[in-house]
Amino acid sequence: MQFDSFAAFLFMEGHGPYVWTCYAVFTLALVGLAWWSLKQRTAVIRQQYHAQLRAERRQASADAHTATDGSGTPAASFSRIHPS
Amino acid sequence: MTAKLQAATTVPVGVVAAMGGVVRRDLQASFRQPQDLLNPLLFFMMVVTLFPLGVSPEESFLRQSGSGILWVAALLSTLLSLDHLFRHDFDNGTLEQLVLQPQPLYLLVLAKTLAHWLVTGLPLVLLAPVLAVMLHLEGNSIAILCLTLLIGTPVLSFIGSVGAALTLGLRSGGVLLSLLIIPLYIPVLIFGTGTVAAAAGGASVGAYLALMGAFLVLSVTLAPFASAAALRISLSNS
Amino acid sequence: MTAKLQAATTVPVGVVAAMGGVVRRDLQASFRQPQDLLNPLLFFMMVVTLFPLGVSPEESFLRQSGSGILWVAALLSTLLSLDHLFRHDFDNGTLEQLVLQPQPLYLLVLAKTLAHWLVTGLPLVLLAPVLAVMLHLEGNSIAILCLTLLIGTPVLSFIGSVGAALTLGLRSGGVLLSLLIIPLYIPVLIFGTGTVAAAAGGASVGAYLALMGAFLVLSVTLAPFASAAALRISLSNS
Amino acid sequence: MSMWRWFHKFGSPKWFFDIASRLIPWLLGTGLVLLLTGLVWGLAFAPQDYLQGNSYRIIFIHVPSAFLAQSVYLMMASAAVVTLVWKMKLADVFVQTMAPVGALLTFLALFTGAVWGKPTWGTWWVWDARLTSMLILLFLYCGVIVLGRAIADEKSSARAVAVLVLVGVVNIPIIKYSVDWWNTLHQPATFTLTKRPSMPVEMWAPLLLSVVGLYLLFGWLTCVRMQTGILVREHRTSWVRALVRSQGV
Amino acid sequence: MSKPLLQATNLQCERDGRVLFDDLSLTIMPATLTRVEGPNGAGKTTLLRILAGLNENYSGEVHWLGAPRAAQREMFQRNLLYIGHRTGIKAALTAQENLAALMAGRHAVSAATLRAALAGTGLAGYEDVPCSQLSAGQQRRVALARLLISDEPLWILDEAFTALDTHGVAALERLLSDHAQRGGAVVVTTHHDLEVPGMQRIRLVPDKVAV
Amino acid sequence: MSKPLLQATNLQCERDGRVLFDDLSLTIMPATLTRVEGPNGAGKTTLLRILAGLNENYSGEVHWLGAPRAAQREMFQRNLLYIGHRTGIKAALTAQENLAALMAGRHAVSAATLRAALAGTGLAGYEDVPCSQLSAGQQRRVALARLLISDEPLWILDEAFTALDTHGVAALERLLSDHAQRGGAVVVTTHHDLEVPGMQRIRLVPDKVAV
């Protein structure tokens, strides 16, 4: 240990604020980046999971419709909208 | 909402709401993605960087001309972005729809110009302190500089909107009008940098700021009228 | 002219003729819209006049920083005009037809960039001496300055064409283009102003000019390849 | 042919995804241990610099960031060649997912340098060659990120970014050379980063540890972020669908 | 309701030295569908832009509900829905945002209504796709979705059927005649053979004495 | 002449996460007219741009006269005439200058031929008018004038009939079937009901399972 006391360690003969801001920003940036990267990965997995469920549901209802329409897609009606 | 199918006799959407709609839509289109917010900032920063690189990196030079450089860069960024103020909307037909909205056109144009300033002028005012530090300006000068930019950049946007509207359709008129706009920018530039110089010289800046405020009020109230008229001319011609 | 209606097996129009066609057509279109021609020039002039007004009108200041100011102004006006290099042609479909011409695309792009320089870079070089006199530069410096601009502005056009091609279909075009290109412009700027400074300091400028010549050769030979690739990418995406 | 097969195998996203899963814990563990050791050693135990005092302790994060910031761009450039020549998806995933990391490291080098500059040089910023070229590197990174996100189509975005990265990498030596030359031309050498007493071992050992540690952590980040990119791009393949099925909440 | 919505008298317009029409008078009554016809370059677009108030380079008078239009511009614009060659769609915004923007100054509509209107033009599932990624016909459909939630009586549509597929054309034809039947007025140009019972025609014949 | 001009095998293309077509193979023989059909957004424009070599974001193979197209790009482009949604007309240039520019890299044509071609599309008298002053249909006619003096065997035309009046549509139909009869090949999309004897069809059906 180069320093006599913890206070001296923090103060660093006046250079403490500079050194510690640097280390703080460095740590925050790296931790933030790591956290963001991990979160993104789980978010992507979750999002795709729900997309798969949705697609299956849509497929099921489309299968029910094909009997009437043939295409399974909602046709353009161009009829006016009258919301209540 | 059943269609009445008879002539409506009131304008159901208020002027303020319609103006808000214009601002929101333009901001939406500019900031489709959050990183779009960075673009004008980066651009401004790069333009400023060109000066130490191209002219001189010496501290004494930069300190002396820093506020001028920042002002010129702000003016240039505004100028570069003005071309986009109406052109996209003209090309895709949004402008026609704006002109046909049942609110006074000059207010809608005012809203549009305001949105333009929010996207191009404001970010630049926010970044200016950082760049000022890199150009070795002093604390007091930095504060005054930012204040002048805050008052001055909307003036640039509003004056510029007239030019943008006029150059939209008129083919040969374009040159004439760039020539008209440039002289109008010069007083703003002179007073903007003059204020900072006065502050650095220890003089009081109240009078300068009042004058710049007057520029702002004048341009906000008058420019939209001129722009609206110019837009109608441009559209008639297309 | 009876149609042969079988696969043609030769390319009857030579590469040089086709390139000439591209240059001629672009010049024609520019001269029809004179404000497109004048805008970069006016911008150039304005940027230069802003400095005496915004920073300092003192002769010593101007003499010292004049060549840097002219170079930065030239760089910015090139940047301003780059957005138009391909965008109009992209919007109206001419670019698709260019890509489908039976000559190597990079040569056609080279011709197009050359036309762009003739319209935007060359006038600027011609105007520079006048502005240099106004900034109190000396005769010898002025000559060297114009020489560096003559070599340097085509480099700016050619490097810029890559950025213009990359940002073609994109909405945030103009600013984005500047972001991509400004960093690449820095060596040209540094050596351009450096050459003038060396000349003013009495040093020999042969080596500097040779280096700038090397930049020119490099950018003329390599940039069109990159631009052509970028154009194909942008078109694939539209 | 065998070369081709090699590329095919190593370019397979699934192969990479599995390897990355196995590497992730090791990279994180060793990286953290090395970096923390280096930093604690440097902060608390390394001797004081007789010229700069304690402010020099910033070096243990400044230099690793600066090293990595530069090498990430070179890695991206190699990947860009692979994207353009072999149209390999993985290479593009690397370029696009790692550009923000490179930008952040560049920013860190700039920031720590700027803060270090205040006590040693008395100013936050000088237009010194090395500082300026680092700033330009930051601009290049920003360009890559912004362009990549501006193009919606995946394949177009990959190719456009690759072209830009390559144009940039051709320019990096030119920029570096010109900036060095510019600085020595205009400015009398007030400060040079290279002019310093040769370091004693108690100083460079922790520095070496933190450099290696940061590289390993970068490897970990690469694995995690590329996995995300692969999941996004390959979402229609059966193996990703199965994986999502088994891991989705 | 026999009061004419829009009345134009003695319209005269010339473009680049050629008189497109001269002494043209027309009346748009409620509950009518009017088709402006003529070969390419006859002046259909020009006429429609004059009627919509976008082109001011003409001589003659335009009246709205019996009074000069110039004196009641805002009321007129409130009652007019114009869709031109250029549709007013911003490439950067999504379909729904575009529709919301087009309705913004007119009357308040809920997000659900907007989505229903888009679905009604066959764009269900595309609400949140940026319009730059839509095909030519899909982009026009975004603009046409306005018709489904419009409360304006007067519709002026230039080349309304461009880029629409066969289904789209048929559905739009129905929509236009419905609007007329319920008391609205439609002025339209198109090059496909639109035939609606009771349709009125304004025929522009190019005057071949070009200068 | 039984050698196919253009052959595409196993084309696959996806745009914003949706597969437009998959495993599509087609052969364009000389002396045929092929119509690409499908509702709005089906991928017709995308397919035509892939066939023309403008869109490279696809997988699959395209052969020209039996050999891979990539290896003989210039020959292929020499034999292809493509007109897309956007016609390649510069607003600042006159009709004749535009036509000359479009022919510039292809084969030499005299000014008289250019004027004859313009007259053939009904633009006599407009040769020296800047295209910004032409109506929508007139601008398309300038682009279509290329067809009258083309020596390229393969024509790829996207929405060829847009903005044309009834006469124009009929004349263009005749021109296309003439070209096919004389041994050329035409690939075309249009939403009006084009019926030409012996016309081939490629139908694109949108697959709605978007993610």
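Labels A, B, C, D, E and F are assigned to the chains in the order they are written; within every chain, residues are numbered from 1.
What we mean here is this: a contact is a pair of C-beta atoms (placed from the backbone, for glycine too) under 8 Å apart; a residue touches a chain by one contact, two chains touch by 3 or more.
Quick caveat: nothing in here was measured; it's all calculated off a predicted structure.
Considering the contact criterion stated above, the chains in touch with subunit C and with subunit F alike are D, E.
The minimal number of chain-to-chain contact steps leading from subunit B to subunit D is 1.
The interface holding more C-beta pairs in contact, when D-F is weighed against B-E, is B-E. Between the CA-based centres of subunit A and subunit C the separation comes to 42 Å, rounded to the whole angstrom.
Remark: subunit A and subunit E have CA centroids separated by 44 Å (rounded to whole angstrom). Centre to centre, using the average C-alpha position, subunit B and subunit C are separated by 27 Å. Spacing of subunit A relative to subunit D, judged by their CA centroids, is 22 angstrom. Among the residues of subunit E, those in touch with two or more other chains are 85, 91-92, 113, 122, 130, 132-133, 141, 149, 167-168. Counting partner chains per residue, subunit A shows two or more touched chains at residues 51, 80-81, 83. For subunit C, the set of residues touching two or more other chains reads 33, 91, 169, 171-172, 176, 179, 182-183, 186, 190, 233, 236-237.
Only residues 1, 3-13, 17-18, 21-22, 25, 28-29, 32-33, 88-89, 91-94, 96-97, 99-104, 108, 232-233, 235-237 of subunit C touch subunit F when the two sit together in their complex. Against subunit D, in their complex, subunit E makes its touches with residues 130, 132-133. The residues of subunit C lying in touch with subunit D in their complex are 162, 166-167, 169-172, 176, 179-180, 182-184, 186-187, 190-191, 194, 197-198, 222, 226, 229-230, 233-234, 236-237. Partner subunit B is touched in their complex by these residues of subunit C: 33-36, 38-39, 42-43, 46-47, 50-51, 53-56, 61, 64-65, 68-69, 71-72, 75-76, 79-80, 83, 91, 171-172, 174-176, 178-179, 182-183, 186, 189-190, 192-193.
Residues of subunit F touching subunit D in their complex: 15-16, 57, 211.
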